[in-house]
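These are the structures, in structure tokens.
Below are two complexes that have chain A in common, paired first with chain B and then with chain C.
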Partner chain A sequence: MPEALSDFWYALSPTAQDALLFALLLAPAILLGLVVVAGYRPFALVRAMLWRFRWTSLLFILLIAVSVGIGVGLIAQERGLRQGTARAADKFDLIVTAPGSEVTMMLAAVYLQPSDVPLLSGRVFNDIAGSENVSLAAPIAFGDSFEGAPVIGTTAGFVTHLSSGALAEGRMFAEHEEAVAGARVPLAIGETFTPAHGVGPSAEEDGHQGHVYRIVGRMPASGTPWDRAILVPVESVWEVHGLASGHAPGSEARLGPPFDADYFPGTPAILVHADQLWANYALRSQFTTAETMAFFPGAVLASLHALLGDVRQVMSVMAVVTQVLVTAGVLTGLIILMRLFARRLALLRALGAPRRFVFAVVWSYAAFLIGAGALLGIAVGFAASAIISRIVTARTDILIRASLSWPEFQLVAGFVSLTVLLALVPAFLTLARPVVKDLRG
Partner chain B sequence: MDLALAVSGLSVRGDDGRAILTVESLKVAPGTAVAIRGPSGAGKSTLLFALAGLVPVAAGSIRWGGHEISAMSEDGRAAFRRRFVGMVFQDFLLFEELSALANASLAGAYSGARRGSIREGAAAMLQRLGLPSDDGRTVATFSGGERQRVAVARALAADPAIILADEPTASLDRAAADALIDDLVRLARESGKTLLIASHDLAVHARMDRLVEVIDGRFCGDVAQHA
Partner chain C sequence: MLKAALFALLAGAATLALPAPPVVADEHAPAQEEPGDHSHHEAELDGVHAVHAWTRATDADTALVFVDIENGSDRDVVLEGGESDIAEKVEIVGFVLKDGAPAWEPLPQMPLKAGRELKLAPNGLALRFTGVKEALHEGDEFEMEFHFDVGHLAMHVQVEAANAMHHSHAGHKH
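Showing the complex of A and B:
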């Protein structure tokens, strides 16, 4: 790119760049349309053709719409997933677990996907909690549930961190038998429950008989799996399992850190939060040891997103190929359809219509099918993305929002320009038809 | 404008290279009404299409006044038709989804600056032929006679000097055919147009100035009226 052009490009805002790219991609279609119909008024005849072959035209439009919709939906969905998963990991700066798969640990600790993972000792926890620059170190103990909602043992500090400082309703747990519910947990403040041991279909409903929690507060909605979680004091989770409370005898009633390493039964994960960004990097290095693994969920997600992006690119290419193939099929169908309309096109030429006018009629008809199909395709893609987003949100509790953005419009603009160019082919072929033979039908 | 027709040594060949029409000589003075008769498949329509410049000429020449259309390019012949020729066909060939006015002013869609005058001409012609100029109905709702009158209005809307009609009454009942041919001949004569009609219809022959004959692809010249 010449330097002046490059300077101009980078001086533009991202929105202006996107808008300009969209305009550049659509420009060939608009210019072609202006050139083809210049001086003529083919639209009444195009309308007549559309009406005469209304069902076939509608079928062609739907075919194009579905193929465009696949491409649009794919891009919108991938972006929605990326944004939704990133938002869900927002509060999790640094996670420390036992060495293993970062992805598995992240899925378990951030997205609350059940997994059997090794535990970290109280000594490790205290080392982390006592480190310089650590403003919050919280155990995240998972493994129990209530009617499908994960019951997580942690500290009041973590609940406050997750709630951005303020609960939506009620108060923080202050006793071992108290709990704070996520925004979408179907338990009201004051209601009680007994957790099941384990999660999912294999959970033992009566595994913790006799242990009853009471809901005392509710966190604000976050659009993350934590909206369906019930947070309880980590001490009570250990006690429910017949383990020590994390505190020395005589201090069992205490809640939250510091914990006594000798009476700390273990935690699968520890959330670490530092006030300074740089400190997170130092802490990651510090706790990447033989017995601990420290990772940024954001970095793990970025790797997953990169992979997702590669998959999206492959699928986008496939979607574009599908779109072009469908359009080529439609244009082939159009050539066949033009045979049905050949008599009237021959009439136009017999009456003295310039060949370019007949060309404009056929091209405009094809361009209308493509344009209408592309517009409908945007709606189809958005609708598909909205439906899929709702399903994914319902299944993962990660809020996925369907939205349309510039890449989808740019894809459609490129598609329209390419295919209206292809539409020149049936228009040219129509001109090669014998006028008198067609006139005689 | 003097657009006398002069055809000489004309030969038109089919796709297989066989001669399908030969015309040694045919002259028609401007403003003359000529009927072309002959058995089915004899070459009447081919002669009309050749005179309109719609079929390639293997040999000979077709000259309308100073315009030798047999020597013109396809685009040149189309421009000639656009300017000087109105055509009427046996089965109307209308756009059924459009109104009478939209059909009659079809040429306006591709005639640029003449668009306005063509539309006015079409509206006036429809009125003279007793049809509503634009009542919103599509021609699909019209009777056969009405449709053919729309086709006549279309042929005359741009005020061409030459009208070529291929079996215009063949799809009509007797009364509608008589009314149509009366209108067509009257309108042509009023404005001094040259009218050539290929037709089996004796009633058409009777209203023409001249009657010529085509048999087995050979133009045979004039025949006596009422023969």
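Showing the complex of A and C:
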């Protein structure tokens, strides 16, 4: 790219780049409109035509709106999913697990979709917790549940980290039998529950009979699967499974680190947090070993998002093709509709209206249908995205927000420019009609 | 997609009007590589071994350079940045996901313990070139220096495809 143009483009802020691109995409439609109607005022006649054939016009507008809405909704939904899943991983800087699939481990530790994974030993945990620059190392021990809500064994430090420093209600667990609930767990403070062994339909409801937790606190809403989780001291998770408590005999009542490696039954994942980004990268390098795998959920997500982006691009092309096909159909319909107008337009010509005026009337009529359809399509796309977001949020507990942004407007601008150009065809065809024959009907 | 398409159109139109920029490889490429000669894909400094430095083809103002570094020495070293004739500034950056969009944050340094490896790779660590003076085309090479606290390590950077995720010789032992 020529240096001057390149320098100009990269000197712009991202918003300015998007706005400029939108303007460039819409410019052909505006310029074409100015050229076509230059010197004439066809709008009164266009308004009359729209009213005369209001139901047909409305049908055409709705057809365009639905096809534009598919494209807009697709782009908005993909972005909503991307942002929602990224927000859900915000608190998980670095995860250390046994070597395996990063995606599987991320789904288990961040999105609480548990799977059977090897455990990390107490020696590994203490190595990580004692490393330079580590400000928080917390076990994430999943596998139990209560009425579908995952019960996660961890430390008070992790609960504080997840709650951004303050619980919404109640207090932190201080005893083995106490628990802190996520924002959407249907248990009130003071209520008790017995966890089931496992998660999902195959969970053994009576697997941990005799072990009762009491809810003492509630985390603020985060828009993540952790809103449905119940967090308990990791020591109690080990105890209900008949394992050591993580602390040496005589110190079993203790909660939280340091743990005694000899009495540490294991944890499937460890959250590691460092205050500095460079330290997180240094820790990842340090804990990428033969027995541990360290990964950034954000980086794994970015790879998945790239895949999602590729799918979106393919689907966007299909959506654009659909839009153009629908518009081609609408324009074909317009050509037929113009036969209905033929007598009136011929009369105009016979009364001395210039050919270009008639041309401007026909094109303006088509351009209005396209413009109105495109605007309505943005609303249709946003509404579709909002409905799908609600369904996805309800099913995954990941808060997906529908929003409109530049890419949707750019898509619509490109669509409008292309189709108003195509709208020249029915306008030219109208001019080609024989005036006298049309006057005779 | 639309953005890329339109920008490509713009670039194409502008290219017709202005002379094409010189190719980086013309200035910086070494002599023709002999078959089997991969020596300029690696470099070493006091036991610190770097291999497969690469970047992606781009005509943008910035580029990310990736490399595998192994600290084979018996002391900890610190990667502090780098320099190259083709860019105004070279800095270490770390990948973060901000609101679902990829972003790179500058890092002051990257320590590397003795006996450990550090991989600068997509969606991770990288050296960010800003103020890139020429378009980078696939197959080009240019020279750069990695700055460590123990000294400067010079090596060739291979320009891979615009969507590459690794060096074309990744997996080879040199």
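The rule is simple: the second predicted complex is superposed on the first by the 433 of 441 C-alpha atoms of A that agree within 3 Å, B and C clash if a C-alpha of one lies under 4 Å from a C-alpha of the other, contacts with A are read in each partner's own complex, and residues count from 1 in each chain.
The working rule: a contact is a pair of C-beta atoms (placed from the backbone, for glycine too) under 8 Å apart; a residue touches a chain by one contact, two chains touch by 3 or more.
Everything quoted here is computed from the prediction, not taken from an experiment.
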| item | value |
| --- | --- |
| Room on chain A for both chain B and chain C (clash or fit) | fit |
| First, second, both or neither for A:52, with chain B first and chain C second | first |
| Residue contacts with chain A in the superposition, chain B compared against chain C | C |
| Which of chain B and chain C A:329 touches, first, second, both or neither | neither |
| Chain A-centred angle between chain C and chain B, computed on Cα centres after superposition, in steps of 10 ° | 110 |
| A:286 touches, of chain B and chain C: first, second, both or neither? | second |
| Touching partner for A:439 - first (chain B), second (chain C), both, neither | first |
| Chain B versus chain C as contact partner of A:353, first or second or both or neither | first |
| Chain C versus chain B - closest C-alpha approach in the superposed model, Å | 37 |
| Doubly contacted residues of chain A, that is, touched by chain B and again by chain C | none |
| Contacting residues of chain A [partner chain B, same complex] | 39-42, 44-45, 47-48, 51-52, 343-344, 347-355, 357, 435-436, 439-440 |
| Interfacial residue positions of chain B with respect to chain A in the complex | 45-46, 49, 52, 54-55, 74-75, 78-83, 85, 87, 89, 93, 95-98, 102, 106-110, 112, 115, 154 |
| Chain C contact footprint on chain A (complex, rising order) | 1-7, 9-10, 17-18, 21, 24-25, 79, 82-87, 89, 277-278, 280-282, 285-286, 288, 296, 298-299, 301-303, 305, 313, 316-317, 407, 410-411, 414 |
| Parts of chain C lying in touch with chain A, wherever the complex brings them together | 1-3, 6-7, 10-11, 14-15, 17-18, 21, 59-62, 92, 94-102, 105, 107-113, 116-119, 123-125, 135 |
